[in-house]
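Below, each structure is written out as C-alpha cells.
Both complexes below contain subunit A, partnered by subunit B and then by subunit C.
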Partner chain A sequence: MQPKETNAQTRRKPKSGLFRLREDIPSGLYNALGFIIPAVLIFLWWLVTYLGLVKPLFLPSPVAVLAEGWRQVTEGILLADASVSFYRITVGWLAATVVAVPVGILMGNFQIIEGSLGPLISTMRYMPVVALIPLSILWAGIGDAQKILILFLGTFFQQALMIMDNVKNIDMNLIRAGQTLGFSNSEILRRVILPAASPGIWDTFRITIGWTWTYLVVAELVAASDGLGRRIMDAQRYLATDTILFGTLFIGVLGLLTDYAFNKSGLRFFRWNSDKR
Partner chain B sequence: MTKNATMPRIKVDAVGKIFGRGPQAVQAIKRIDLDVHENEFVSIVGTSGCGKSTLLNMIGGLDEPTSGDILIDGTPVDGPGRNRGFVFQSYSLFEWMTVQGNIRFALEKSNFGKAEKDELVAHFVQAVGLSGFENAYPKQLSGGMRQRVAIARALVYKPSILLMDEPFGALDAQTRGMMQELLLKIWEDHKVTVLFVTHDVDEAIFLADRVIVLCSSPGLVKRTVDIELERPRAFDIVTTAKFGEYKRDIMADIREETLKVMAMEKHNES
Partner chain C sequence: MFKKCSLAALALVASAATAMADEIKLGLQPWLGYGPLWVAEQKGFFADHGIEVDLTTFSWDQDMTAALASGNLDVIAAATNGVIASYNVGLDQKGFLIMDLSFEADAIMAGNDIASVADLKGKDIAFESGSTSDLLLNYALRQNGMSIADVNHIPMGASEAGLALISGRVEAAVTYEPYISGALAQSDENRVLFTAAEKPGLISDMLTSSSTWINAHPDDVRGLILAWDDAVKFIRENPDEGGAIIAEAVGSSMEEFTPAFEGVRLYTISEMAQFLGGDFQATIQEIGEIMAETNPEHIKQVPAADEILAVDALMSMQ
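Moving on to the complex of A and B:
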C-alpha cells in the first residue's frame, strides 16, 4: 500500500505549467515579462553595436539614439514636433469620430442605411491612403488641413464599420425589453442602445486612435515643415538613422500612452461593466 | 369583475405565422387557438422549433401573426403594451443601471406619482428577495438574482399579464427550483395572468393550472392538460403519483413529436 500512496501524492503535485492552455500564470511574472523582453532586446541591440558587428549607419547604438533624443529635447524641437503632431492627430481623429459615431450607429440599427453605405465604406477602407496624398493636396492645400484629411481618411472607414458592429453586438432582447416597457424608437436608441454599446464603442476609440498614430508619418510625408513624422522623413535625406530610430520609438511610446489613457478612463467610465464588486 | 366574466384575458384566435416569403418561407405556426383566463397560470411546452416562443412574442406584440387575431381583454394586439410584462431567458437587464434603476426605469411611462413609484420599487425589490442589493449592478449578481430583477421589472408597472420565455432556462437546477417557488409566491400575492414557455416538463406542471403541449413544426396545439394539483404547491409535489401521471402523459406526447421531427429530418436528407 505504502508505495502506491506516495505515487498518488506525486501525481497530485501540480504540474509546473507556464504553458498550460489558457491558464493563469503568477501576475508578477506576467507583468515583469512585459519589461524583460524589451530589456533583453535593447541589451542585444546594445551588444551588437558595442561589438561593432553592424556599422552605426545601419544601426546606431541605443546610447546614440538616446543622445539624439536629448538633443531634440534641449533644442526644443521635440516639444514643438510633438505638439503639432498631437494637434493633428487629435483633430483628425475627432473629425473621423464625430462622423463615424452617428454613421456607425445608424448603420447598426437600420438595415436601409447599412445597405446604402456598407458596401461603399467596406470598399473605401481598403484604399491605400498614401496613394491619395496628391489628391489630398489638390483638395486641401499644403497646410494642416491636408494632414488632417489624411488622418481622417485613414481612420474614418474602419471606425464606422467597427462602431456598426459594436451596436449590432448588443442583445436584441434589450431592445425588446425597452419596447415592452413602452419606450419609443428614439428613446430606445438614446437610452438603451447607446449606453449598452458604449463600452464597445469606447474600445473602438482606443483601437482607432492607435491607427491614427500609425498614419502620422503618411500624413506628414509631403509639404510639412514640422511634426514627428516630418522629422523622420527629413532624417532620411541625411541618413540620420539615430533620428529615424528615436522618432519611430517616440511615436510608439506616445501611441502606447494614448492607449493606456483610453483603457484606464474606460474602466472608470464603465464601472458597471466590471463584474467585480 | 365588471367585465364579462366569460371574456378571456388572452384570446388567440386561429393564429398562424409564416417567416419569410417565397420558396424560403417557413411555417412556424400553422394554427393555434387558445384562451387564457384572468389570473390563470398557463405553461406552454413543446419540442424546439414548435413555435412556442414565436407565439409568446406575438402575444407580447413583438411580432405580428400572418393570419388570425390575438385579443387582450377583447382588444386586438397592436404592438407591445403596458398591460403585458415580458421576461426573457437572457435576463436582458440594463447593465448600466442598478437593480433599483432597472425597476424604476420600467415605471417611467406610468402615471404614478414619485412617492408611489418609490413605494412600488421598494415593494418589488423586497418581493423578489433582493433587499440589500438595491444599488448593485447586474454584472455583480448571479444568474438567479438577475432574473429576479427582470421579474420585478416586468411586474412593477402592474401589467395584468406576465409573459415568460424560458425564464429559468439558463439557471442551474437548484436555483431553478427556488425561482419556481418564488414565482408561484409572487403570482399568488399579486394575482396576474401568466403565460410561461418552457421545455422543462416538470417545471411546466409544477407551476401551471394548465399545460399546453404544442406539435412540432408547424405549430398546432396537440393537447391541453388541466393540472389539478392543490395550491399552494410545495416543492415535494413533484414526487406525488398524480404529478407522475401528468408527467408521463406529457412526455409521451413530446417524445412522439420529437420522433416525428427526426423522421422528417431523415426524410429530407435522403
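Moving on to the complex of A and C:
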C-alpha cells in the first residue's frame, strides 16, 4: 500500500510551487506583486497617452494627473480637502459602527431580534441613498449632521447584516463548551462569542469603511465648500478630467491606507487566529 | 440557396442600418425650456421635416457634455454658459438654434426680511456652482456693486437649494423652475428678489453640436430648426395640450407646471434671428466675462459670439 500512495502523491503535486492550494508564498514576492501589477497598468496608461491613442480630454496622461495633484498639494488644497473628508468619513463610519455592532450581535444571537429587524434592515439596504438627499436636508439640515446621516445610511444596513453573519459563523461547539461550564448568557456573550467573532468583525470594519469612502461624493453634494468629493464634482462640471482622475485615485489610495491599517492591526490584535487564515 | 439567403439577410441588415443612420441622438434634461422638443416628438413635427430624433434625458448637464464629446450624442441642449465652459476645455460645441430664454424661471429667492440684492451681503446663499444660478447671482451682485466674496456660498444642487430655503437652513437661494414655484408654494415667508428677466439672454439655452456634425448634416440641422419652430407655434396656439405634453415630460403636475412655464420665453425662427441681430452677441460676451471673473481657474478664455455660434443655417431660414 505504501509505495502506491507515494506514487499517487507524487503524481498529484502541481508543477508550480506558487499555485499550491492555500499555501503561503514568499512574502517578498507577495508584496512585490502588489506593486508590480499597478506599475504595469500605469505604464500602459502612460504609453497609451504618449502614443496619442486617446484624446487628452478622455484620458489625461499620468503626468498631467500628477501635475494636478502637485498643484493641489502646493496650494494647500489637498490637505484641507483630505482632512475634512477624512473627518467626515471617520465620524460617519463610527456612527454607523456604534449602532451596527450591538444590533448585529443581538441579531446573530437571538432569533427573535433577527426575525424582527432582519427583513427591515434587508429592505433598507437597497434604498438608494442619493435619492434621500432632499429628505436628509429636511431632517438634518445642511451641516455636518446631514453628511453624517448620508454616510450612516450608506454604511449601517450592510454592516449590521455582516456583523450578524460574523457572529453566527462562530463554532457552535465553543458556545456549548461555555454552557457546559455553566456560563450565563451574558458570560457566554462576553467571554466566548465576542472574542470568537472579533476577527470577523474587524474584517467587516475593514470592508465597510471602504463603502463609506464610496459615499463620500454623495455626502459632499450638499453644503460642502471643500472636500475630496466636492472637488471631483466641481471638476466634472468643467470636464477637468485630470482633476477628476486625480481625486478618484487619491480617494482610492486613502482607502488602501485604511485597508492596510485595519489588516495590520487585525493581525496584531488577533494573533491567536492567524493559523486559521 | 444558403448564399442567396445570406445575401438577402445582408441586404436587409444594410438597409436597416442605413434607415437608422439618419437618427439624430439628442440629449436633453427635464427643463421646461426644452419643452418644444417633446412636443415635436409627440406631434410628429420631426417626421414632418424628414428627420428621426431619439431623445435621451439626462440628470446632469456635464454627463450630456461628456456624451457629446465622445460622440455618443449628436446634439445636446445646453445653456449658453455651458457652451462657454466647453470652449475653455477645447471642446468643439456650437449653438445652431436658440431655444429659450429664461425670464422669471431663474431667480434669487430670499426670506421676506431681505428687501433687495444689496441686503444679501454676508448672508448664506444656497446655489449650484457653475450653473445658471451661479451666473444669475454673480450678475445681480455685479449690478449692485458687490461680488461673490460679499456673500456666503453654500453649494448644493438647484433642487436642494429651494428646499434649504423653505426649511430655514439658508437665508437665500438661487435656483430655477420648477423649484422656484415649488418652494414658494410651500411657504409664504419667502419671495423672489431678482430674476433673469432683468437681463434677457443671460440665462438662455441653445441646441448645440460639434461643428463637424453641423457641417456634415445640413438637412438634419434644417429639420431640427423647422420642427422646433412648428412646436413653438403649436404650443402658443394650443397652450393646454402643449403644456400637458411638457408637464408630463418633465414630471410636473399641471398646477406646478403652469406658473413655472410662464417664466420661460420660447423663440421661433424669426424671433431668434431678431435676437441674434440685436443683443445676444453682446450678452454672450458679458456672460463670458462674468464667468472668467468668478472662475478664473477653469474659464481662462472669453469666446467671441461667432466662436460658439453656428447660426448661418438659421439666419438663412428667417
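In this section, the second predicted complex is superposed on the first by the 242 of 277 C-alpha atoms of A that agree within 3 Å, B and C clash if a C-alpha of one lies under 4 Å from a C-alpha of the other, contacts with A are read in each partner's own complex, and residues count from 1 in each chain.
Simple rule for what comes next: a contact is a pair of C-beta atoms (placed from the backbone, for glycine too) under 8 Å apart; a residue touches a chain by one contact, two chains touch by 3 or more.
On a predicted model such as this, the values are computed, not experimentally measured, just so you know.
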Subunit B versus subunit C on the shared subunit A, clash or fit? fit
Partner chain(s) touched by A:238 [first = subunit B, second = subunit C, both, neither]: second
Kindly classify A:230 by the partners it touches after superposition: subunit B alone (first), subunit C alone (second), both, or neither? second
Given the touch rule stated above, what does A:180 touch, subunit B (first), subunit C (second), both, or neither? first
With both complexes superposed on chain A, which partner does A:82 reach: first (subunit B), second (subunit C), both or neither? neither
Output check: A:59 vs subunit B and subunit C. Expected answer is one of first, second, both, neither. What do you get? neither
Based on the superposed arrangement, let me know which partner A:192 touches: subunit B (first), subunit C (second), both, or neither? first
Considering only the touch criterion stated at the top, classify A:171 as touching first (subunit B), second (subunit C), both, or neither. first
Once both complexes sit on top of each other, what is the least C-alpha distance from subunit B to subunit C, rounded to whole angstrom? 50
Going by the contact rule set out above, which residues of subunit A touch subunit B in the complex? 171, 173-174, 176-177, 179-183, 192, 195-196, 198, 270-277
Using the touch definition from the top, list the residues of subunit C that touch subunit A in their complex. 60, 62, 65-66, 69-70, 85-86, 88-91, 126, 129-130, 153-157, 159-160, 163-164, 167, 169-170, 298
List of subunit A residues in touch with subunit C within their complex: 57-58, 133-134, 137-138, 141-142, 221-225, 230, 234, 236-240
Please output the residues of subunit B touching subunit A within their complex, sorted ascending. 60-62, 79-82, 84-86, 88, 90, 92, 94-97, 105-106, 108-109, 136-140, 153-154, 157
